[in-house]
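Labels for the chains are A, B and C, by order of writing; each one numbers its residues from 1.
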Amino acid sequence: MSTDLRLSLVVLSDRCSRGEAEDGSGPALVEWLAARGHDGVPVEIIPDECELIAERLRALCDGGDVDVVVTCGGTGVSVRDVTPEATRAVIDRELPGFGEAMRAASAEKSPHAIISRALAGLRGTVLVINLPGSPRAAVENLAAVWPAVAHTVAKAGGDDAPCAAP
Amino acid sequence: MSTDLRLSLVVLSDRCSRGEAEDGSGPALVEWLAARGHDGVPVEIIPDECELIAERLRALCDGGDVDVVVTCGGTGVSVRDVTPEATRAVIDRELPGFGEAMRAASAEKSPHAIISRALAGLRGTVLVINLPGSPRAAVENLAAVWPAVAHTVAKAGGDDAPCAAP
Amino acid sequence: MSTDLRLSLVVLSDRCSRGEAEDGSGPALVEWLAARGHDGVPVEIIPDECELIAERLRALCDGGDVDVVVTCGGTGVSVRDVTPEATRAVIDRELPGFGEAMRAASAEKSPHAIISRALAGLRGTVLVINLPGSPRAAVENLAAVWPAVAHTVAKAGGDDAPCAAP
């Protein structure tokens, strides 16, 4: 079922966007998704600029070609970490359970995980999910919410069958 | 102690309010509450209209006859799911721990549970709690927060004894 | 590493600020922190007045002498519990994972713990953390987030090393 999802990945990193560092999280997520039947998910890398991120998220969500936009990076507390702010500015409805589940899962691995301000929400029928920037944490966080992603997209898109658990 | 609580139940469902489907969640919750000493909790069914829900919540909270208003349904991501928005519009103070606890408990049963946007809060001294719409999830979620309900109502109503754990 | 942290403690209590009750939470937290290498953390007790609390938090955060302000008390649902409101008014960025982790840890001990509206966030580079008012719950909650505190302060202060888990 979930193999029909159209995904897009946006990596937020000043350094990687300038070519000063190599992005490891994008490839790690692409590989993880490919192993679940989602081949060739496109990745773009943009700097940690709030307005730029918001603009890009709006374009992806409103273009009609994507069901899920996954961001990676910029969820911490450095002054350049602005992904949650940009995300909140573009979503219509927040899904607090995604952030909660990601932090709870990550906290089992590292006590630092609670620093993440990652959130998720819907812009129209498109699901936006923030992931933290380290390759390991990004994959861990995506895995924590992945079982609910296809269901969320189906429901947001108008499937009005009763929402009972499978 | 908790048997003195005055409860009221509001089921949100377009279909059930039009008589096109039979509500299973209201009866399931009424039975669950009766088993805990709360007999004959009143149930009303209204459609998924944000302003209508907010109006009804305000009337119940401000009427002086109810300590806890439990809503059921409309917490998901369909375009007609507006219970959290209506609830947020009427509460004075949100209690984030209720939503967190409900999702954490439900997520142990179903990975889809994180989709719920259910929240809880106080309007004056009346506690409003959102539950998801499926009978099983509704009961599961209520059970997850139930041990704190009477305590919350007592504290909100002015009991200023130290808040130490029992 | 964390022994360099400059901490300050603000206890919120109408009764204790008037000398009608003795504060037990401040001493319990001071002792807990001393056992972790933080000797002589200053404690002040002020009444549950929202504007007064916000003013005091602003002064502590903006004075340049403190890395972490820990508040204790006023996180419940009584009409005089206003610490989360005062905190939200002064922070720039909320850290939702702190409140989630504190409630999840406390809920294992007491089902009443979900009533806490405690939050945490940053004002500039200073971390503000709300704790509930009972001595036992205060220490439990601080212990739940403590392993992330020094890391959060370091990151907020400009350490831009990659944020990988230790």
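Here, a contact is a pair of C-beta atoms (placed from the backbone, for glycine too) under 8 Å apart; a residue touches a chain by one contact, two chains touch by 3 or more.
Keep in mind that what you see is a predicted model, and the values were worked out from it rather than measured.
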| item | value |
| --- | --- |
| Type of chain A:chain B copy interface by residue overlap (half), same or different | different |
| Fitting chain A to chain C on CA atoms, where both chains share a sequence, rotation angle to nearest 5 degrees | 120 |
| Geometric centre distance via CA averages, chain B-chain A, whole Å | 30 |
| Touching two or more other chains - residue numbers and ranges from chain C | 100, 104 |
| Of chain B, residues touching chain C in the complex | 93-98, 100-101, 104, 122, 145, 147-148, 151-152, 155-156, 158-160, 162-166 |
| Sites on chain B touched by chain A in the complex | 76-80, 99-100, 103-104, 107, 109-117, 132-134, 136-137 |
